[in-house]
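What follows is chain A paired twice: with chain B in the first complex and chain C in the second.
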Partner chain A sequence: MSNHADIWAAPLLAAGILAVGAYTVAVIHLAVGGWLAQARPGVGLLLQPARSAAVLMAQPATATERPDRAMAALSPALYAALAAVAVTVVPWSRSFSIADVETGIVLWGTAEALVIVAMFLHGWSSNSHQPLLAAYRFVAAGVSYLLLSMFVLIAAAIPAESLQLSRIVESQAGLWNVVRQPLGLPLFVVVALGSATWGPLDLADGSDVSGGTAAEASGIPGLVWMWARAAMLAAFAAMSAAVFLGGWHGPVLPGPAWMAVKTVAMITVLSAAGHLLARVPAERFVTWAWVVLLPLGFADLAIAGLGSLR
Partner chain B sequence: MTVLRRLAQDAPAPVFVARGGGAGLLPVELQADPRLRMVGSARHATVLLAAGRFAGAMGDALDRVHDQLPSTGAVVWWTADPDAARPPSLAEATVFGGPDPVEAVLAAHRRAVSQPGARRAVLADEPPHPFEGRGDHGQGGEGMMGGVPFGRAMAMTADDRDGLALDQLPLQLGPFLLGLPNGVRVSAVLQGGVVQEAELEGLDLGEGRALAGADATGARADLRWLAEALRLGGLDALARRAARLARAGATDAAACARVAKLVRRSGLPAAWSKVGVVEGEDARSRLERRLRFDPRAGGRRPLPADRIGRALAGQDWSDALVTIWSFASVGERAPAAAAP
Partner chain C sequence: MTVDLAFWVFGLGAVTTGWRVFRTASMVRATFLLLASFLNVGAIILLLGGAYLGVALLFMMTVEMAVMAIFMVAFMMNPAGLNPMTMVHQPRLAAAAGWVAFVAGAVMAGRGNFPERPLPGGRPVIADLGAELMGRSMLIFETAGVALVATMIGAVVLSSRRSRFGDEAGDEGSLPPALDPDTGSYPPGVIPEGVGSGHDHHGGHG
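And then the complex of A and B:
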């Protein structure tokens, strides 16, 4: 079993990993967007997320009439905390993860399930129409993500015969899951985009609802929410790298470097999907999820099961 | 000056644009400039850019948006007629009469983040709707639901299209919402995310001089329309690219074709398929006509507001916005003002 980080160091480590991850998400998102817009942003791009964060820090938080103040404050914190809990189970090398628990997949799934609660509370708490509407539609689509996520993660656990993330990575020493279970990663990308409400599945904070659950958020609360969303995407990218792309396995470079490279590659894929694919209407996504994606999730599980019988 | 404020000054300015009379879709082109970042909510902006004329109901609507801007935000009025009557929200605005307001907006942004002074609200701090004082909890509805307490209509159960009793949420949006043509306001009743009934109203955009460059035809007009459609679909980078081409005069046919190709690959046409079907034509067909950038392709006659309103019933809210925008004329006239 990997070294467990000290109980006090764990939250700091998780926050540090997510701070770096969220900043990386912001930079890559701007870089891919700039390339697509043919805007040639240059090296100034590296500072741009810090500059935009400074705008929000310099701005006062606005309040709507009769908001649920407690929930308005707690929901961004809950969402960020869920990203932090999720990232604790990700193994960065053979000997290090923040909490390499034997039921890592279950802990990850629990954090993922509670995303729906955080998102709904965020939409509810401002006492405003568009955030509430966005929260409704996130909840409507949310169950589809959760089922899909469980199918693909359990499928990945079958060859390892364990729910522990480090053992799932070890099981990919000869063959990565992206090859062994080719449906797994694309389906997990759908889950990532949905849970972080990003790009084609930005149902909770979309432009068609004026920023959705965050439509009324400005100042520090707006910054925390934006950071938490980017952190959640980074957590999913790291999880994808560990579960489907062989984690720390790779030639020449040390294990953590491979994890970092693969995580950045996944962030780039997720960011490109965000820029290149149009938002899917919620109602049609739910139909598509139940008619196409969930059967594909079953197929992924069947492929993994049959593979383990050989 | 603190490091924080210096960093904030150099950030792309988050701008909320309110398009008034005589602005057409010209402000859409501003997103081509990487120093600006268009935002969909006034809460996210440091600068409110009011483009064109704002009289009567349009002025009242601008006053409401003005008070939603964070208190340190600044207001820039881009107008061809600075001597015209202005609503209270523009009383202390920076007035800009030239063809390109980017520098004026950036200066306002820098002021807003470096010397923040509390901007005064122009409306009284009271609910816009009377507190009705009826119902079990005095909120004006029944039980714990319904009514308009504190100015916001509350959900109330009612039968939905499947015969179920679900929360019904009445709301009024516009005229400065992304995806609504200039001056259009929507009153709708939603259950979940689905429109049960909707009505479009076209506010009077007033008479007077238009902003220089507000009128556009051909490919440039199509690109402006497309840039807004792409933002509505969550494709901000592509929207910026379309706006850049529009700003450059839409003279590069090959570049326009490349944008059209990327739009087709984005899945936007598929998302618009079978949405807003009127007279046998869906929103996807209307999008495809724009993507040809061919003035000979022509537009269909604008539909009257009541026809569009009826077409919205039963649609997902995002599809409803797509339907409305797919009928938007590229110039001044809003669907509500169009002749049947």
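And then the complex of A and C:
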């Protein structure tokens, strides 16, 4: 079982999925925020992200003093491209992924690792104080949570006996990984919030560093960066649905519909986490990541290994 | 055809970015240009059919270079890597050695007599690699892996301010340098014994 889209169609498909995904993230984020504030959001919400984007496009882009122009322009594009690479390996049904490569979870892990580089360069390239500070602390946090992702994804690969995403979804036909490996999804959510620098783990673009790596990003570059962050969150939601929530498995509805439902559910959870949880202090997060979360990652791997011995 | 084109794109990419490493004056740029060169090589390994090894090279080099950028900048006393500095040592010797290695490699690649034993299609190369790593070669890889982890933990423990002597005594015996050693001024923030908060101390805050 190996499904690949045509090499020329693949980038368009990935861009399309991310465009829909990022817009969905923006709408759900507004809706969850409104609902939590009991504001009864109306249908006008559906157009709100497009309106905000239009306002940003009318804004001029900030020019800082002696930036690294190439990197300032390319780092948002690199970040968006990584979300696209990530989403190519996600299987949407038994017979459709953009690229169902044999090394799916390793390729996903590579995209996650490069997110650290893209985020760092975004902060570094503007040659400005707060973005640089945020870029450095993000690398420290990123290196701390990256191992978690490796462990929980390898744990998911153990029952499937494959690194391929479609095989990992197939292995959940009887029992979803969220039940079989209960530590996996919560730890993966930590990685998702970190990689999209979202809510409690908004360490790269947090308000405590005046917007962090995005402090100097306005106008269209700022819009691209915000869009790429939302796209990254959408890609993580889809990946969580595939690896931990059984992917296309489910009664009555067809496979892609189940993937869509589960992805939207994950986006809602991530968005609620963003609204309800305060940002963690960066230094304390690094300590927690190594002292608490990493051993939990080991435990997840051990549970998966023992489970496969039966 | 597409594969040939991709090979040339990645090959030229690897060589160009590798060359640019030594032409930039910034450690951060040098680090990430080197990463770009490695990523191009990883892509070529993928083209050669090394499904796992190619992707593994990509992510290992990525994390390595991210950590390296941080550590180099942290230990080089070069704030944020922003001060220009040259990226080459002994440039003549290095250039000569580089050309010799390049020509030798190119001659071997072009004139070498390589065996032609294509793997039968559909062979599970990733599972084979896993069996090799976890079978015959397990002792070697596990020994190297554990040694590396022990080294990393040791380095972190030794370099962390509070790990050797605990929270309380972490700074014991260590003093920041004086602002101006010639006049015997005190290190910033240090008020020597016997000196009140009054008028006759130099340099520091009140």
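In this text, the second predicted complex is superposed on the first by the 309 of 310 C-alpha atoms of A that agree within 3 Å, B and C clash if a C-alpha of one lies under 4 Å from a C-alpha of the other, contacts with A are read in each partner's own complex, and residues count from 1 in each chain.
Here is the rule we use: contacts are C-beta pairs under 8 Å (C-beta built on N, C-alpha and C of every residue); 3 or more make two chains touch, one makes a residue touch a chain.
For clarity, every value in this text was computed on a predicted model and none was experimentally measured.
Undergrad: Quick check for you: in the superposed arrangement, does A:Leu132 touch first (chain B), second (chain C), both or neither?
TA: Touch status of A:Leu132: both partners.
Undergrad: Kindly classify A:Leu121 by the partners it touches after superposition: chain B alone (first), chain C alone (second), both, or neither?
TA: In the superposition, A:Leu121 contacts chain C only.
Undergrad: Looking at A:Ala140 after the superposition, I want to know if it touches chain B, chain C, both of them or none. Which is it: first, second, both, neither?
TA: After superposition on chain A, A:Ala140 lies in contact with both partners, chain B and chain C.
Undergrad: For A:Leu107, decide between first (touching chain B), second (touching chain C), both and neither.
TA: second
Undergrad: A:Leu163 in the overlay: touching chain B, chain C, both, or neither? Say first, second, both or neither.
TA: second
Undergrad: Going by the contact rule set out at the top, does A:Ile7 touch chain B (first), chain C (second), both, or neither?
TA: The second partner, chain C, only.
Undergrad: Please tell me which partner, chain B or chain C, touches more residues of chain A.
TA: Touched residues of chain A are more numerous for B.
Undergrad: Determine, under the contact definition given at the top, whether A:Leu233 touches first (chain B), second (chain C), both, or neither.
TA: Touch status of A:Leu233: no partner.
Undergrad: Check the residue A:Pro200 against both partner chains and state whether it touches chain B (first), chain C (second), both, or neither.
TA: first
Undergrad: Report for A:Pro41: first if it touches chain B alone, second if chain C alone, otherwise both or neither.
TA: first
Undergrad: On chain A, what residues does chain B touch that chain C touches as well?
TA: Dual-contact residues (chain A): 127, 132, 136, 140.
Undergrad: Under the touch definition given earlier, write down the residues of chain A that touch chain B in their complex.
TA: 32-34, 36-39, 41, 47-48, 50-55, 57-62, 65-66, 127-130, 132-133, 136-137, 140, 199-200, 202, 206-211, 214-219, 222, 274-284
Undergrad: Can you list the residues on chain A that touch chain C in the complex?
TA: So the residues of chain A in touch with chain C come to 7, 68, 101-103, 106-107, 109-110, 113-114, 116-117, 120-121, 124, 127, 132, 136, 139-140, 142-143, 146, 163.
Undergrad: Can you list the residues on chain C that touch chain A in the complex?
TA: 2, 28-29, 32, 35, 51-52, 55-56, 58-59, 62-63, 65-67, 69-70, 80, 82, 126
Undergrad: Under the touch definition given earlier, write down the residues of chain B that touch chain A in their complex.
TA: Of all residues in chain B, those touching chain A are 4-5, 7-8, 10-12, 14, 34, 37, 39-41, 43-44, 46, 68, 70-73, 113, 116, 127, 150-152, 169, 171, 173, 177-179, 190, 192-194, 231-238, 240-241, 244, 262, 265-268, 271, 316-319, 321.
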